[in-house]
Amino acid sequence: MTNSLNDIRHAKSMIFIGSNATEAHPVSMQHILHAKEVNNAPLIVVDPRFTKLAAKATEYVRIRPGTDCAFMMGLINEIIANGWEDKEFIRTRVAGYEEMVEVAKHYTPEVVENITGIPAKQTRRVADILAKSRPTSLTWCMGGTQHHIGSSITRSFCILQLVLGNMGKSGGGTNIFRGHDNVQGATDMCVLADNLPGYYGLAEGSWKHWCRVWDVDYDSIASRFASKEWMESKGFSLARWYEGVLGEEKIESPSPIKAMIQWGCGSNSNSQYNRVVKALNMLDLLVVIDPFPTIVAAVTKTDNIYLLPSASQYETSGSVTSTSRQIQWRFKVVDPVYDSKDDYEIMSLLVSKLGFADEFYKNIKEVPEDITREINKGTLTIGYNGQTPERIKAHMENWHTFDIDDLQAKGGPCDGDYYGMPWPCWTTEHPGTPILYDISKPVAKGGLPFRNRFGDVTTYVMTGREEGQLAAKGVCNPGSEVQGGYSEFKEVVPGTNWKTDLSQETIKNAINRGMAPFGNARARCVVWNFPDQVPIHREPLHSPRPDLVEKYPTYEDKANHFRVETRYKSEQNPDLVKQYPYVLTTGRQVEHMGGGAETRSSKYLSELQPEMYVEINPRLANDLGIRKGDMVIVESPEGAKITVKAFITPRVDEKTIFLPFHFAGTLMGESYLKDYPEGHAPYVLGDPGNTVTNYGYDIITQIQATKDGLCKVTRA
Amino acid sequence: MRRLIASGVLIMIVYAVVLVISTAIAAPTSMDGLTRLFSPEYYAELYGGITGDWQKYGGPFTYLTSDIFWKIYLGIICVVPAVFFLHYIAVGPKVFSHEGPQIRFFSRFTIVIHWLGAIAFVTCAVSGLLMIFGSFVGGGGFIRFARYAHIVAALVFVIPGIIMFLTWVKDMFPTLYDIKWIFILGGYLSKQKKPIPAGKYNAGQKAWFWLSTLGGLTMAATGYIIWEMGMALDTVRISAIIHNILGIGLMAFLLTHMYMSLFAIKGAIQSMITGYKSKDEVDHLHSRYKYE
Amino acid sequence: MARMRFLCDTERCIDCSGCVVACKEGNHVPVGINRRRVITMKQGEPGEKSLSIACMHCSDAPCIAVCPVDAIYQRDDGIVLVDKKTCIGCGYCFMACPFGAPQFPKGNVFGARGAMDKCTFCAGGPEENFGKEETQLYGQNRIAEGKVPLCASMCATKALLAGDGSVVADVYRDRVFKRGSGVNAWGWSKAYDKS
């Protein structure tokens, strides 16, 4: 998120789209409700479902799943048509605006109504609210991303905020709420198939950078890969790793996947879960490292599995990154209980056995402090270098000195620091950056311009127009040596740039000159290396609107998408809706988390949510002859079925059904209760909702499209 | 037989009426429009469902239980024996000759059933009183035991209760001379020994019969509802109120019944032990009794 | 002396049940016994509101009035507690309570109710503070430690307020003033008006 949870307190309006913060992020609600109450900020909730967050909304917008981009472009169009855009912000800090406006023109409120089902009047009203109550804090979550056009949808959110001039402002920003306490940290360390830690990518230079940080020989690392080509190409992603095992789709990989370690992973959050189970059974080796035996431990029929009990967060310590980009220290409360070991120990034992412990622990003598120090040393791209373990611990000890409103310490040992030194924190004196892209503060005091990442000048393919990508003259942080846009810093230390200069002289040089190491550029509305240079609506792969499929078709099929051939056009069948007439969407419950292995093993949480269910609108239920508590069968176009209890509620509309995805333990009519290690079965078992989530993956990130599939519902 | 069926139907109707009345809860009215969603009135209406039923019966229940019932019970167990004591002093017991011919009044089966019921009934009464005045003992284990005894005794009572009802019901329907009996209060206020208008059972006994059998079974039914607490809360509250009111009546009659059989008529209890009453007693107290 | 009160701000309650789980986990309350519950009205419709309810520790509490064995008593700070050793499990308090607070675990004799269990305002019971017996029968005694009840301290949105009634009222009044909406201190008139 560009701002912080606390900063939402300054919002003058809030829009949540594809986010159910009350259930997924209950702790954030105090700030949201604070803004609603104290600032009288309108709270707009856009969701296919009348969520618990919608219950707190001043404006609830029911949207058809997968059409968020159309709604956003409609709002942008409406704002521009009325002259409500922030003209000065756009002139000085935004690129590719004219090209974007041309695309947005198509999305009139009436067109938006046809696509999204949102009345034109309401689109106009929401645009009016956003225009008149600035700044707006915009939040999205999985409801915005888990579509095959997820990357376009999220970009359209950002463009809306640029058009309104809400970026880099307190109370504004794009605030993507992250899930668990360290999801942001895990993302920053790039536990991903296409990146090295710190978003360095996979290029040779990136590998060499990290080898310098680790103090290991580049060639020794390279020798561990099949070839340099595979070293530098994307791996299988979490969404489709199982295709690398099953061999049912065309894959581009030197070898199928043979072994797997699931380290703190609820596998039932994967779509098409029955196929995941099939793959799990085909692996030669499967290791599950988790405090609880996850469903993986039960569904595997073969003898290929090892369960390693790991410690919970209370039994270990270390640095973690919160959704607000704050780095915090977690202290151990008790030693690991029973046979469990903490993650560091498991890793250390594994590495020793594999025989490269010396290289692995070259810089790490004191665990976990030295791990944080190694992160400080190498993760320069996002400014992870100023948060030393000592500073982080000092923050933890002086909680009371930080202000709840702006998160800055007022006096005390951390005077001037922002809580948790939100990244980028460029030096060990830097206070952290509480709001990204905020040019009202000097860079040394937590200010930041937009990053210069995509060259200084670009010619757009769409229009042939040439545009400078640096910020306009006179637009910069106070105290900047260059009054206006400037490129990123390089060659301060010969042969390096700000990202690769381990001496950090480049960064210090920039800060001393009042400038940001990564330059001062414009935020771009046109991404010339994406299939959709400007976000446009494309119908979900499995669309309930055959008429719109023709008008807004999906992409061409994509070969070698994270090593797997991915179908788009060949998958989109306008007639599918005749057989599978209802839109299927999934989501969270406040009581359970992720795959639910932990929460379903808690007797109190199980008592509160003891059953898997499907939400069906009363009208649809009556049409289908389904009564409250009846068992129903939900079937996906892929042929997977789940049998779940019907929960009749007006939360969903008549065409949509909703499944929580936290359940597991039964699958396609089979119970795995007996297959858990003795005494370790969760209290609650149920069919995983993700068994019936449909085929479909984002064109850029390959995130699974779980929010806009189709299904068939019948009485069991 | 027809009487039996009729009585059964009557009981069913009474129960049905009680149930219907007790479960009738006014449905909360719905409200339209979003404008008032944040108003106090909206909340009052919305949450009316939670406290609304309390206002209906919760209040009366609390008032009756905390301020009324225990006082009446205290009155009953103090005043009734006192009155009888005075009666015993002033009027004295009726004495009949037990020498003359004996008339078989109760079969052995009836006697067994009676005593079974009686023991259970008295246990219920005593344990019930113990619960009501539990605070004088300080609650805890002893009163908890009383509560368990109450439950067990109630279960035990149900069977003899039903049997007693069936055996005696044919003799228990009111007759005209019962009214006369009531007017002279069964002659117990007079020391004179003259025939009292009564059949096999006098009006007092009839009243006691109806109250103890039908009332007793009602006590069992309401008691079950209180014990199980599975119904609508208002049903439980109403059951508790009925249980207490009936309990008061039963307590008064039980004391009377015991006084009559133990003290007011010398040796009357013998008839429930041997099954025989002396002809002298029958001729006086049950003057309309037709010898079989 | 401070008068302890609960207040659930329905504008803020988000139906997360954090209070319920905090209470159960912190006091080791058995499954099926709900010292605190969250009730949601009009679920899934505009106007949906949630409310966290436990014993309100009423002034002139009806449960105290109806208890036949005087097992329930009120402390000077207004906290209503039950002496589980005295309680006979008759259930009258449940019938008298406007908030459904008293709970009854299944006893071991004829399935009859055991001693009543309810919210203690995290103030333990009549036994010795922090004693083994108190902890076992009633859970924590946070009041004696100078802390607010677990449920309120864990409330993510500060919807559930607990503590000195006048301070709680001030906090709430301030919120209502800022919001400019009506006063909806649910349950207060029923629980505290007689004081």
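Per-chain residue numbering starts at 1, and chain names A, B and C are given in the order in which the chains are listed.
Rule of thumb we're sticking to: contacts are C-beta pairs under 8 Å (C-beta built on N, C-alpha and C of every residue); 3 or more make two chains touch, one makes a residue touch a chain.
Just so you know, these numbers come straight off a predicted model, no measurement behind them.
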Inset, instruction - May I ask you to sort the chain touch graph into line, ring, star, complete or other? - result: line
Legend entry - Nearest-to-centre chain - CA centroid comparison: C
Legend entry - chain B and chain C: spacing of chain centres that average the CA atoms, whole Å: 38
Legend entry - Gap in Å, rounded to a whole number, between the CA centres of chain B and chain A: 71
Inset, instruction - For chain B, write out the residues touching at least two other chains, lowest number first. - result: none
Inset, instruction - Provide the list of chain C residues touching at least two other chains, using ranges where the numbers run on. - result: 11, 46, 49
Legend entry - List of chain A residues in touch with chain C within their complex: 22-23, 26-27, 29-30, 33, 37-38, 40, 50, 52-56, 60, 590-591, 603-605, 607-608, 649-652
Legend entry - chain B-facing residues of chain C, complex: 10-11, 39, 41-42, 46-47, 49, 51, 53, 62, 65-71, 83, 85-92, 94-100, 104, 109-110, 112-113, 181-184, 186-187, 190
Legend entry - Sites on chain C touched by chain A in the complex: 11-12, 14-18, 20-21, 24-25, 31-32, 43-46, 48-50, 156-158, 175, 178-180
Legend entry - Contact footprint of chain C on chain B as seen in their complex: 31, 34, 37-40, 42-43, 46-47, 49-51, 54, 58, 61-62, 65-67, 70, 131-135, 137-140, 143-144, 146-148, 151-152, 226-227, 229, 233, 236-237, 240
